[in-house]
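Chains: A, B, C, D and E, in written order; residue numbering restarts at 1 for each.
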Amino acid sequence: MIRSLYYAPGQPIRKDLPPKEFPKLIQNQKGLLWVDFVSEPPETSLPILQDFKFHPLAIDDALQETHIPKIDDWGEYLYIVLNYMNTEKNGDAWETEVDELDIFLGKNYIVTHHDHPIAAVDETWEACDRDARNVQGGADHLLYKIADNLIAGYMPAVEKIDDAIDLIEDQIFDRPEPRTLEKLFALKRVLLAMRRIILPQREVLNKLARDDYQVIDPKDRIFFRDIYDHLVRLHDINESLRDLVGGALDTYLSVVNNRMNEIMKTLTTITTLFMPMSFIVGFFGMNFFLPRSQDAVWELMQRPVFFGVLLALFITPVIMYWWMRRRTWI
Amino acid sequence: MIRSLYYAPGQPIRKDLPPKEFPKLIQNQKGLLWVDFVSEPPETSLPILQDFKFHPLAIDDALQETHIPKIDDWGEYLYIVLNYMNTEKNGDAWETEVDELDIFLGKNYIVTHHDHPIAAVDETWEACDRDARNVQGGADHLLYKIADNLIAGYMPAVEKIDDAIDLIEDQIFDRPEPRTLEKLFALKRVLLAMRRIILPQREVLNKLARDDYQVIDPKDRIFFRDIYDHLVRLHDINESLRDLVGGALDTYLSVVNNRMNEIMKTLTTITTLFMPMSFIVGFFGMNFFLPRSQDAVWELMQRPVFFGVLLALFITPVIMYWWMRRRTWI
Amino acid sequence: MIRSLYYAPGQPIRKDLPPKEFPKLIQNQKGLLWVDFVSEPPETSLPILQDFKFHPLAIDDALQETHIPKIDDWGEYLYIVLNYMNTEKNGDAWETEVDELDIFLGKNYIVTHHDHPIAAVDETWEACDRDARNVQGGADHLLYKIADNLIAGYMPAVEKIDDAIDLIEDQIFDRPEPRTLEKLFALKRVLLAMRRIILPQREVLNKLARDDYQVIDPKDRIFFRDIYDHLVRLHDINESLRDLVGGALDTYLSVVNNRMNEIMKTLTTITTLFMPMSFIVGFFGMNFFLPRSQDAVWELMQRPVFFGVLLALFITPVIMYWWMRRRTWI
Amino acid sequence: MIRSLYYAPGQPIRKDLPPKEFPKLIQNQKGLLWVDFVSEPPETSLPILQDFKFHPLAIDDALQETHIPKIDDWGEYLYIVLNYMNTEKNGDAWETEVDELDIFLGKNYIVTHHDHPIAAVDETWEACDRDARNVQGGADHLLYKIADNLIAGYMPAVEKIDDAIDLIEDQIFDRPEPRTLEKLFALKRVLLAMRRIILPQREVLNKLARDDYQVIDPKDRIFFRDIYDHLVRLHDINESLRDLVGGALDTYLSVVNNRMNEIMKTLTTITTLFMPMSFIVGFFGMNFFLPRSQDAVWELMQRPVFFGVLLALFITPVIMYWWMRRRTWI
Amino acid sequence: MIRSLYYAPGQPIRKDLPPKEFPKLIQNQKGLLWVDFVSEPPETSLPILQDFKFHPLAIDDALQETHIPKIDDWGEYLYIVLNYMNTEKNGDAWETEVDELDIFLGKNYIVTHHDHPIAAVDETWEACDRDARNVQGGADHLLYKIADNLIAGYMPAVEKIDDAIDLIEDQIFDRPEPRTLEKLFALKRVLLAMRRIILPQREVLNKLARDDYQVIDPKDRIFFRDIYDHLVRLHDINESLRDLVGGALDTYLSVVNNRMNEIMKTLTTITTLFMPMSFIVGFFGMNFFLPRSQDAVWELMQRPVFFGVLLALFITPVIMYWWMRRRTWI
């Protein structure tokens, strides 16, 4: 889908203009043209973009390739790549998709190109459609609005991740299982993916806020600086969340390890208690004691020996318990 | 709550002036106005801040958003964000809250905005109220006093953490339990949170001490340099404490691991001793020996065999002990 | 093999010229000479390269030594080293070979030297042979084509590695074995090797895109910038893949560890259940009970004791089960 | 204690001058005054330092606070903080104390302030006292001598640590115990503390060697460069020692782990050998075999069964041994 | 030993000149003097070096102290410290010795000082002795030759280490033992030591190749650039080798861990199989069954019970095997 929107001072906003008019419209230095390519195949986008006289390499980048966020200064226009992230919690798994928004920013036009519909672009589009004041700030201000909406879109994902970490932290002490670990690894991956797109975007916004570009009014740089501050904070939250995930991983390992130690202690305690006692009863189960059973003296001796054995069986665990206590095992 | 304080040379300090007078008062280049917004809802703060002619983005930052420490130079005024940290030890848990102090610093006024009462601001307020000399240094000197009190507020938290680490280190050798580990992880998190606000604040103070700002008297930069040095040292102490926590974690793991090894050694020692002995007594408990009990020859042979078995039962643990000794297990 | 290709405006492309003509041909500022040394022994390459008047150190580098990617500016010509990587999946093992492409780039000639045939060079050669337009852009454009093909050659390897990681991730939960770990370590090594050649190549392309070289037309820098962006993205994908491998390693360890814990739990459960029960039956196997078998009272008492023992043998596992359940072992 | 030393060309060195004379003495541009405050309370130091007209913040730093090494340029004088370290080996524990030496360096005076006696300062003092040539180089040369002695004082500590590591490495293979680990952690902490004071001191010396200060003769910078080189080397040795400690930690863990494996192997070997054999003898201890003992056929059969059992008991360990051998356990 | 070599254009090379002539010889701007101190005590070296008018600090550095590689520019001469490494494989241990080569480089002389004979210096010496062309390039070219030989000397050590890693990798899968681990730690240490001297030497060569020194002909910088490239590559190989060692360590741990798991599985399998079976035979070994042996009904019942027990003993391991199989233990 290709949609377009044209504003000239004193005139109502025109929409969905024929692509052939674009080159003529951008001659009017006071107007503002926004062309948005949504999931459009390269075949139809290519000739329209060529009419704008963009450099073939820039068009190539926009149409075919996935880039990390960057900004290319082509003099009369800027070619900007921004990323956005869709994070869906699907049961325990997190489905994270990173997509790309290509922007050509001229003095009096903005061309956006994306393969999937983007909520942030749609919102800005509707705002412009509703109220002409949104386009009166010029092309660079429109870029600011789109970027601002795009960055604002990270917050819900961040909050969902925050909640997920809270939930997992409770589970860890309750019943740590490998699935808990899997969830943590999944969160770690989402946070890493987010970090990887926030950092270069921060750099892009920093350039927009500091560098001198022909198509950006120096007075508007302060707005990009504001988005830059948002991204600095997002990066900071991302780091905190990664710390939390790291802490949860450490806690998980220590809880599981502690459980293991308890299990081993039990194994050792039981073995240490019953092995000597089993030996004692095994000793008195030897057949050497039987044949002489007719022997009267033997018969007489048997009773005290029997009670001696009982005593030994009673004392052994007491001694063992005292010994393990002293070593602070129990 | 909105409180204000106005000093003009030769006049007594006036307090709690009506907000409508603010714009007029700051016309007087020789006076000094301090307005402090404490837990004030945005609805009432907004119009007052707009009267100061602050940039909408700066007001937005102050009213709605949580930022990491930063400094924005708006020419006639600076917008500064500082953080402070409340660390409460609640049993074993540490409750750490990071809050924000927004400051607008003009040539002859200072506007502070915070959502919660801050001890450092209250102290400075009372000092100004008590003694006019505290406000005669100008707005930048007042900023120094507030920042100095704010940074000084980290020391008690640092000392509490130091004591907690000492306590835990003693516990580790005594009776290491998972709760000890939890305490260490909690301390680590507090220290990380502290580090994360000290570092950007250090950067803010560094800028105040080095950069050329319209509203800061170059002669007063040395005071900000002094706070900067405090923050450098705080960061250094923070690193030392994190090293100590890291060392305590390593020690905990090595103590627990060592305990585990001792337990496994005991298990193996007991098993190694009693399994062969149990086999021997089990062997002589087989029923093959019984039927021939009437056999006289057998009867005669039984006694030496019995003593042989006793000897074997006595020698086995001695050999085992010697063998384990040689392998330095015991 | 030495092959050469010469283009002069208005003339057909000439191929496989005698090396002796090279010095004369490069006198013509409007022509373009490409000489390609493929697996040629130094003895034959040396005199030809010397005819180009290259610095002995540069020739030395090209003929004898393996270098990491770099660019040396010798004024009238550039000496560039690029690497390429052949990754063969040989069963579970990955055979990775890193080779070197040495390039001398002059204003109107390009000399390439490599020890093994390179697909990227052959492709470019054939394209030039097929269509003269490919050589009309000048020597620097030819360099761009070669480098572009070379970098494009990394993508299939990257995809093969991606598939391999997917496969391993499935195996980990199914049946984790040490061979799985070996495969992961092998992938990690391949990715590290790739990273080690991508990073310096990125630096070389960055220099070509930014620095001012006598033999590179400033207008063509944008093309090297495009390859640079490819390398930035390749490096980014490489990092993601390394994250995936790292995550798979962590998952493997946690799965194996969890299996171990289950095994130890089973061992402890079985031991804890049967050791006390074995002791009980061992106790009643002692020979003290036998001699009195003629005794009628004993005979009478035996029956309730027998059923008491049966009851004890039945109750013991129930209590043990309840106790282990409470400790959330089972 | 306050001690002072004054040298003017052509005059003998005067010692312990009354503090009131200091301001007058430093008027003489050709003289050299050294005032040394040793463990002096702030009450007495403060007025003397104020007589030197030092900035209140600098005096504050010197009297009250502990700083990390730094250098402040106050124009007519430098305020320098250096650290020194006392490392005492107390049995197995290392007592490390980091203290501070504050220095005010003017064109023709040097003021040193420290809370504890410092050997390096005392040495320099005695050298000056003994031989006037030591003070003829000017205040900056005196600073060099003090700093040189201070840095030289690290070497004995470094050597003590080196010896301790050697000793521990021998113990690790001999008899690894948790105390060995404690010693290693203690050494690690000492080395980290040393690193933390060497790094900023290196920076201070680097500044003295490179930057342009009013009170330091450019010709004398080479001496500070020499101390800087010492610190670079000390840092290098420190890194090597930390590597050694890290290696010893790894070795310890591998030795302990290996011991654990051997213990587990023994446990498994013993259990694997004796459990099946115990079962066999237990099987033939069942009472089913008894009643039929009067049966003649049974009697006849018993002998071959008995020898069969003996054979089984003999063959079982042989098979087990062969099986474990093949799996390279033994 | 002090040896010297003097070349003046048009004259034969003179050798072993009396040290007293050195100052006079270096007056001749066209000659070239090389003085080499090999294992010479400071007492004899000092006066000769002083005759060259070197700065006392530089002489001090050369004679007494061990430095990390560095370069000091003293205007008329450079003081350069290079390191070399002797790696001897002594059985399994690696003996690594790092020594120092101090060089004073003037316009027309070079003074080398080392405590042990260095092959690289001897080689260059012999080449100069054999063929005067080797000294005609000037002092800086001679420095290049020495440094080139020195750096070339690292390759054999690198190859020895490479072979050792290959050997260890084979052993790891075959028969992993703690000694294998020791060898890996030893290799790691050697590689770290090598890295620590390569990095600062790279920096020294980088300075020689880029900076403007009075005593180095700008045209000769390209040679130092060549050595710099060698060091970059050496550093790269070193990193690869350290990766290999790290990978081998990981593999070792995973192989040992896997073996441990197999051992524990065997222990658990054996215990899980035989404990229930031993309980069954123990149950039927209780003496309750004996007294009633005269009872005919009992006699009759005994046979089916006996076969029932046999069946139970047969079925138990089958069930256990199936259960362990399902949990993929076996």
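Keep in mind that, in the parts below, a contact is a pair of C-beta atoms (placed from the backbone, for glycine too) under 8 Å apart; a residue touches a chain by one contact, two chains touch by 3 or more.
What you are looking at is a predicted structure, and each value in this text was computed from that prediction instead of being measured.
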item: Where chain C and chain D overlap in contact partners, by chain label; value: E
item: Chain A onto chain D, rotation angle from CA fit, given as a multiple of 5 degrees; value: 145
item: Inter-chain centre distance, chain A versus chain B - centres from mean C-alpha coordinates, in Å; value: 25
item: Chain centre separation (chain A, chain E; CA means) in Å; value: 40
item: Multi-chain contact residues (two or more partners), chain A; value: 264, 267, 271, 275, 278, 282, 285-287, 290
item: Ring walk, chain A to chain C and onward; value: A, C, E, D, B
item: Touching residues on chain A, where the partner in the complex is chain C; value: 55, 57, 60-61, 65-68, 70, 72, 175, 177-178, 181-182, 185, 188-189, 192-193, 196, 256, 259-260, 262-264, 266-267, 270-271, 274-275, 277-278, 281-282, 284-287, 289-290, 293, 299, 302, 305-306, 309, 313
item: For the chain B and chain D complex, residues of the former touching the latter; value: 222-223, 225-226, 229, 232-233, 236, 239-240, 243, 247, 250-251, 254-255, 257-258, 261, 264-265, 267-268, 271-272, 275-276, 278-279, 282-283, 285-288, 290-291, 327-329
